[in-house]
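For reference, chains read A, B, C and D in written order, and residue numbers begin at 1 within each chain.
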Amino acid sequence: MASLEVKLFGIRFENPLILASGINDKVPEQWIRAHEEGAGGVVTKSIGIEPRKGYDNPTIVELPCGLINAMGLPNPGWKGFLEMVEGYTFDFPLIVSIFGGTPEEFAFLAEKLSDVADAFELNLSCPHAKGYGMEIGQNPENVYEVVKAVKDATDRPVIAKLTPNIDDITKLGLAAEKAGADAVSAINTLKAIAIDIYARRPILSNRVGGYSGPGVKPVALRAVYDLAKVLDIPVIGIGGITTWQDAVEFLLAGASALQIGTAVSLRGWKVFREINEGIKAYLESEGFSSVSEIVGLALE
Amino acid sequence: MASLEVKLFGIRFENPLILASGINDKVPEQWIRAHEEGAGGVVTKSIGIEPRKGYDNPTIVELPCGLINAMGLPNPGWKGFLEMVEGYTFDFPLIVSIFGGTPEEFAFLAEKLSDVADAFELNLSCPHAKGYGMEIGQNPENVYEVVKAVKDATDRPVIAKLTPNIDDITKLGLAAEKAGADAVSAINTLKAIAIDIYARRPILSNRVGGYSGPGVKPVALRAVYDLAKVLDIPVIGIGGITTWQDAVEFLLAGASALQIGTAVSLRGWKVFREINEGIKAYLESEGFSSVSEIVGLALE
Amino acid sequence: MVELRETWEVAKNVRAFRLSKGFDFTPGQFVMVWLPGVGEKPFSLAWKDLLVIKRVGPFTSRLFELQEGDRLWIRGPYGRGFERKWNRVALVSGGIGIPPLYALVRAWRNEFEGITLIYGARSKEELALLDIEDYVDEVVITTDDGSAGKKGFPTDVLAERRGEFDGVYACGPEPMLKAVLRIMDYENVQVSAERYMKCGIGVCGSCNLGKYLVCRDGPVFEGEKLRGVM
Amino acid sequence: MVELRETWEVAKNVRAFRLSKGFDFTPGQFVMVWLPGVGEKPFSLAWKDLLVIKRVGPFTSRLFELQEGDRLWIRGPYGRGFERKWNRVALVSGGIGIPPLYALVRAWRNEFEGITLIYGARSKEELALLDIEDYVDEVVITTDDGSAGKKGFPTDVLAERRGEFDGVYACGPEPMLKAVLRIMDYENVQVSAERYMKCGIGVCGSCNLGKYLVCRDGPVFEGEKLRGVM
């Protein structure tokens, strides 16, 4: 029997599939549901300093190969978040995503939320929020400063979530590693837009948004492959993983764990079970006994 | 009757659809065929200084949302190219794509091929050839230097073909414009990879390649939208245009003309006629009399 | 993109909108309606080509200005609709809860032995009955002010007559749904829940109802699933 | 990815490879076979699960080393195959041109009134007939050295007997195809052309034959289309 368990930065995950940030992960009941449905861990919606209601609708566009969204980082702020989780305990790793406009804001959030988070994922990559996310994370120096500030503020493992909207994502990964990140995750969404030909205007209220789903998979896989080649810290693969074959490709490309987001919308919660079963059957039929044995095999 | 004719940098195109570089455009018979099949113009395969045979197979991977290719710039070199076209005349605009490793090489090629080319497209964006394409074109200063050198070497209009593998494609567009480019075209392919889960290795012999087709359309459309907002020179839209609706989206986003590549493989030569007919019917039903009337309407 | 084929007033601040295109749908499913430059909101389908909408804010006010031939943009239908079950059923509707129930009886009127509509509104002028009387066996009206039917709440009627029905379909304000669920002890009842929905397709998570998403797990839920949740 | 179910020698330097999976195909279509780390090449299907391949270089040499149970990677089938036409037909095959014609007669043997295979090889030991004799009415062999059948070229036989046939299907080296086209005056003939193919799906343009692409417009062409081209 092949094992699906993975261990990352000292934390054990039942399986390599983690619910990605921003997908049905607003409240604790949804995190618990994701775990019940087969996720090995959960990343929360990105939490900032102040509550934000996010952008007006339309906030999402459905496309043949995925989705474009511009939610605008809706979140209850760190105080609201702490109130919301009070009284809950979780029997799976809970990774808290945080976003800020400066290294100090990131550090502040990490400090305030360290009692709740098993690990932090730094949102250095949201492509549609002015002053946050990608606007900071496209610059390797900023990535370095943010990671360093957070590492100084918390003992929890820190994952830097990187943007693919860059000439070479390894620059960002190396900066994160140098600053002491425990892992990187890649990719966040690609900059994109959709226009309605009869309205003759961009569909999203924010005009531009982030593209996710099967259409971005080849780009995401390349990002993971490039990162895994140069980094010593683990890479968490994200981007259009929809089938178990996609998942295996990411593992072979060097991802130590995976995040699933858009596929939950496209195919329902059952994707976690289906992908886990597919990985397990693949491991067994190909003669492997654990997920970690195949991580990076395609890097040669 | 709505008109499909467009005029770009003083050249008249029967319709806004141009065969993109690298798709069935190796020899003059294929360029003539593309025009017969409805293309308003043709871009040749990229021509360099020396003949190149390109990479070994596999050079292409078929995916649910497009293709990844790494052909390796196969071409007969400028001398072979001149021999090949000798005796041919073309009753449609022939845009010659050129690639080089330095501004001087680009300028040399432009000078040698000016008698054949109605315009040049500078390949500053091929994502899989060491020392060429994107490796040069990701840097705005290089884009500036190459465009400037070519403009000094030829009187023909010059189009800079830009890479989307960058934090902000408008930097590249602005550099091209400043150097005197007559137009930019965007996007070239996205950096990508595909791994075979049973071979456990990258499929392409070059390992990494460029992603094209419907899956890249939302990214390409955003690039065109961003470029059209900041540039005064025309933008030629490329990237996953497969249906007439896609074509109209690109025109509304600010593209003055369009290039079609992967769709010719996915749907056959008939795409030119079908897309042209769709654009025409749209113009008529929405009350426009020419393509140029809708260019950029979604920029507001 | 669809065009508005016809629009008419149904009740005070309630209009019907007939579209140029019909959608394959299950009663209870909803669509997202986008008015460019204005916004995008979810509405239950009253029929494959019919929306019945109450004016409540700026978006619906703009909708109310649309004329025949004007365009509107629709995606969907989305979500889980009603399931056909039971023989003698009551439909309990409050406020603007009528559209999905209208769709239900129009689609399945011959599948039941008896259909009783118990419909409560604030006052007579707010009753948005359309031609629903053609599709049900009995209509019981309640109004808060007694201006039509019985004075009181539809749930009062349900509580009294509960024994007559095998099952209940309900749509309306949350306090009414809670009352229906309690009267039915969460059994033999399907309710269409309402939440603030943004994406409509199970991404944003805004419409969570406990561990459920109203846009994907609902909007129609079997009563049993809502124990401890509503 | 498929497995090799069976492999056997068919003639000198020619092997047959039976795959674990069959493909829906039209006779004349080809597949791309990838051996990771070695390369990728096009081959005509001899049957839905059968490849018949001649050793010509490093890639095919590695293919010849494969054992039953080994893996190979296949995409396709691609291209335009033969079209069923005519009643009394000749198949003209030269060299390793037999696989698509084998597929043709195996698929359509009952659709013709008469099938004559005219098959030329350099010598007796290079004849890769498989069991094609079961599917045709007549086999005429020619060899360059006279070691089997008639000494000479298959096109000599076709030229002599041309009047007996309504139509001709041909596959083989280009000089042979040209001779067939000329004998038939480009009419009532379909030929399977060969070109250096890389992508196989109409992108790279390597396999151009005049204005055509062998991978998309072919590999099978009606003779009429090749006037002035071949």
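We adopt the following convention: a contact is a pair of C-beta atoms (placed from the backbone, for glycine too) under 8 Å apart; a residue touches a chain by one contact, two chains touch by 3 or more.
Protein identities per chain, from UniProt: A, B = Dihydroorotate dehydrogenase.
As the structure is a computational prediction, the values presented were derived from the model and not from experiment.
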Chains touching both subunit B and subunit D, listed by label: none
Centroid comparison with subunit C (C-alpha atoms), farthest chain: D
Distance from subunit C to subunit A - Cα centre to Cα centre, in angstrom: 37
Centre distance in Å when subunit A and subunit B are each reduced to the mean of their C-alpha atoms: 33
Centre-of-Cα separation between subunit D and subunit A, whole angstrom: 51
For subunit B, residues that touch 2 or more chains besides their own: 198, 201
Residue list for subunit D, restricted to those that touch at least two other chains: none
Chain contact topology (line, ring, star, complete or other): line
Interchain contacts (touch definition) - all pairs: A-B, A-C, B-D
Sites on subunit A touched by subunit B in the complex: 63-66, 68, 138, 165-168, 190-195, 197-198, 200-202, 208, 211, 214-219, 221-222, 225, 245, 248-249, 252-253, 282, 286, 294, 297-298, 300
Subunit D residues touching subunit B - in the complex, by the definition given at the top: 1, 32, 34, 36-37, 39-41, 71, 73, 75, 198-206, 208, 210-211, 213, 216
Parts of subunit A lying in touch with subunit C, wherever the complex brings them together: 22-27, 29-30, 32-33, 45, 54, 56-60, 62, 67, 69, 71, 74, 196, 198-199, 201, 203, 205, 262, 264-265, 268
